[in-house]
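Here come two complexes built around subunit A, the first alongside subunit B, the second alongside subunit C.
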Partner chain A sequence: MSIALYRIDDRLIHGQVVVGWGQRLNAGFIVLVDDAVRASPWEQELYRMGVPPNIEVITASTVEAVARLPEWDADPRVGIVVAGDVGTIAALTENCHQVTRINVGGVHQRPGRTERLRFVFLSDAEAEQLTRLAARGIQITAQDVPTARAVPLAEFI
Partner chain B sequence: MSSPLRGVIVSHAAVAQAMMTAVANITGVTDALVPVSNDGCDREALFAALTGAVGPGPAVLFTDLPGGSCLTGAATFAHGRSDLAVVTGVNLAMLLDFVFHRDLSPADAAQRAAAAGAKAIRIPAP
Partner chain C sequence: MTLEQVGILLAWGTLVGLDLVTMPQAMIARPLVAGAVAGALLGDLETGLRLGVIFELFQYDILPMGAVRYPEYGPATVAAVGAAHTAAGALGIGLGVVVGLVTGLLGGISIHLMRRLNARAVRRSAPALERGDVGVLVRLHVMSILRDAARAAVVTWAGLVLAVGGHDLLVGALAVRGALVVAVVVTGAAVAAGTVGTLRLVGRGPVAAVKPPLARSLLRLFTVQGSWNYERMLGIGFGVAEEPLLRGLSPEANGEAYRAAVARGAHFFNAHPYLCGLAVGAAARAEHDGAPPEQVERLRTALSGPLGSLGDRLVWAGWLPFNSGLALAGIALGLGWSAIIGFLVLYNVGHVTLRWWALRAGWNYGLRVADALRQPFLRRAGALLAPAMAVVTGAALPLAVGYLGDPFPSWARVLFVGAAGIGALLLLWRRLGLTGLRLGLGFAAIGLVLAVAWR
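And now, the complex of A and B:
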């Protein structure tokens, strides 16, 4: 198998990821790419609490994730990669590794961001970054849960 | 203890509001619980909502799921604070017990509430 979902979600590992996508994809592991969580064993344990024991949780810094993506992509289990912001996911595409699709799952309101969809708020810089990724051939859609319509980037940018 | 414990219910959607209303309807106690929904919240927004809900403290934070953004947000918010405690898997039974035992420390109240909630989960004989 390979990594089935690259997701931007500022709630990181939560119900939509574990129950919504995890069950639909029959995920065997979830990679949480977040420098702050990687540095905090206490937070890592907190994120593991809500994940069933049959799903492995791997926490990685951005640098570690870039290096280990090929390894995870070759894993026989189905994998989900979650990062909290556009910049982190963009960094994962900088390697020679081929990220072909990105799911924008939840980017919430903050100063400087404007609403693009009910669950997607982006600054102009973040919107431009997504546009640049799309220009490289990466398919970008917004979709919070598997049963929702995948909204193409052009419709919410 | 300077003031009685406050209970803050942290949930998805309107679960917290509904539970607070149910407790008030059953007990008549209306000043013990505060609802917080995670709707539209990232962690910073949830922290802001929790700050307002907790007030000067002390408080017990009741979250709906053992995992998910309500628990991770509440637990991170309360981390290292002795005036706060977190219980996850909130149910009505634990809240009903909590509102009548608000003279405990946050840690003791959390333990008591968790026990009351667990005890209420049963399968009646068919």
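And now, the complex of A and C:
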């Protein structure tokens, strides 16, 4: 199998990822790419506790994730990669042909961001970064849960 | 329906609508309970139970996670029972389901609009919230709760208007067999939604030195989602629930630390509402222990996702469908009221225990809250609930099919099973992007066309 879902979600691993996407994709592992969580053992433990034992949680820094993507992509299990912001996902796509689709799952309100969809708030810089990724041929859609419609980038940028 | 009956159903529908998200989430909003009580209020328990079972199955299609939009089946079931009560037999069931589905759609839209209004109110009050103004924080929260009560009343009222209008339109216009077709296909859609929704859930495969006012915080936690909005999600409710625990914080600093902590408490947060107390208690304890503001913010951020996934797994995808399945089976086996009361009691014993444990554990462990989540009972509950839910709902669904199909004549039972099977296949066909509500409305439309043509 391969990585079935590359997701941007500032809540990282939560119910929509585990119960929503995890069940639908029959995921065997979830890669959490976040530099702050990677440096914090207690936070890593928290995220593991929210996930059933049949799904492995791998925590990686952005640099580690870039290096290990081919390994995860060759894993026989179905995998989900989750990052908390646009910049981290963009870094994963550098020199990497595997990432062909990105799911914007939940980016919430912060100063400087404006609402694009009820679950997607982006700054102009983040919107531009997504546009640049799309220009490289990566299909970008916003979809919080599998049963919702996948909204193409052009409709929410 | 008499004017008095409409008034009683309106009051019940408002309570039911308020319970769904805002308070106290005791599950009177579950169609099984909403329908049974509505039926009893009309002196027609059997119709209430039948409509309750049908909409409980549609409810299985929904997982209320994060900012997901979904139809609201509580007030819808109340309106559906009101509609079904106005017409006898199959026509009543068909009319009730059609009215309920449309009301459910309206309810979902109204929740979305209310969350937008909540967000706008929060935005207007943002400077006061950042100053830690408790009056503004509490007023925002209470106004949001009142807004939801008004919303629930309007949705129920709209549903009851549809019930009366639908009765005037259809009674006398459809032949008995035509009415049966409508009842059968929409009931089939409910079984399809319940089956596929269950498949989706199952998948494949140290003691405080001070005595905090935990009871007051717990009471406020029952309303934690009252001001839910798309910008701060349940941040305002978090702040309201945390505020009693922050009183007495560094009084020598003229309340500055208290106000700063209140302001932090109302920032963006989302998690499962029953486990939210763990974050509330832990964040308040960290504030009392003098943790730097950045560390408190980090704690909240770190707990948001895990408490969401853990709660969604344990409750929405485990404890709730497990109890609902038991109740469905109980009704199908003829237990009537006992099944409804058993559902409410058993479910809420687990619900209230979890909320109380979470708040106490959060307060007791503070920044070491990860230790609280290592409790063996949480792991055991997670491991046991998923298979138990699968077994119970797996047994309940065929029993519900038997119960719902029982009043139909043999030819209609064949159509019912066919509609349920085709509906399940359509729902499983992902490219169609169908939901239980859309399937139900589609089948209702087809059924009505067939019924009018077959007069």
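In this text, the second predicted complex is superposed on the first by the 155 of 157 C-alpha atoms of A that agree within 3 Å, B and C clash if a C-alpha of one lies under 4 Å from a C-alpha of the other, contacts with A are read in each partner's own complex, and residues count from 1 in each chain.
The rule we apply is simple: a contact is a pair of C-beta atoms (placed from the backbone, for glycine too) under 8 Å apart; a residue touches a chain by one contact, two chains touch by 3 or more.
Nothing here was measured: the structure is a model prediction, and the numbers come from that model.
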Partner chain in contact with A:43 - subunit B first, subunit C second, else both or neither: both
Touched partner set for A:147, first subunit B, second subunit C, both or neither: second
Touched partner set for A:92, first subunit B, second subunit C, both or neither: neither
More subunit A residues in contact - subunit B or subunit C: C
Those residues of subunit A which subunit B touches in one complex and subunit C touches in the other: 11-15, 18, 42-43, 46-47, 49-51, 106, 108-110
Interfacial residue positions of subunit C with respect to subunit A in the complex: 63, 65-69, 112, 115, 200-205, 230-233, 268, 270-272, 298, 302-313, 316-317, 368-370, 373-374, 378, 382-383, 386, 430, 433, 435
Contact footprint of subunit A on subunit B as seen in their complex: 12, 40-45, 65-69, 71-72, 75-76, 79, 88
Contacting residues of subunit A [partner subunit B, same complex]: 10-15, 18, 42-43, 46-47, 49-51, 106-110
List of subunit A residues in touch with subunit C within their complex: 11-20, 22-24, 26, 36-37, 40, 42-43, 45-47, 49-54, 106, 108-110, 115, 118-119, 121, 144-149
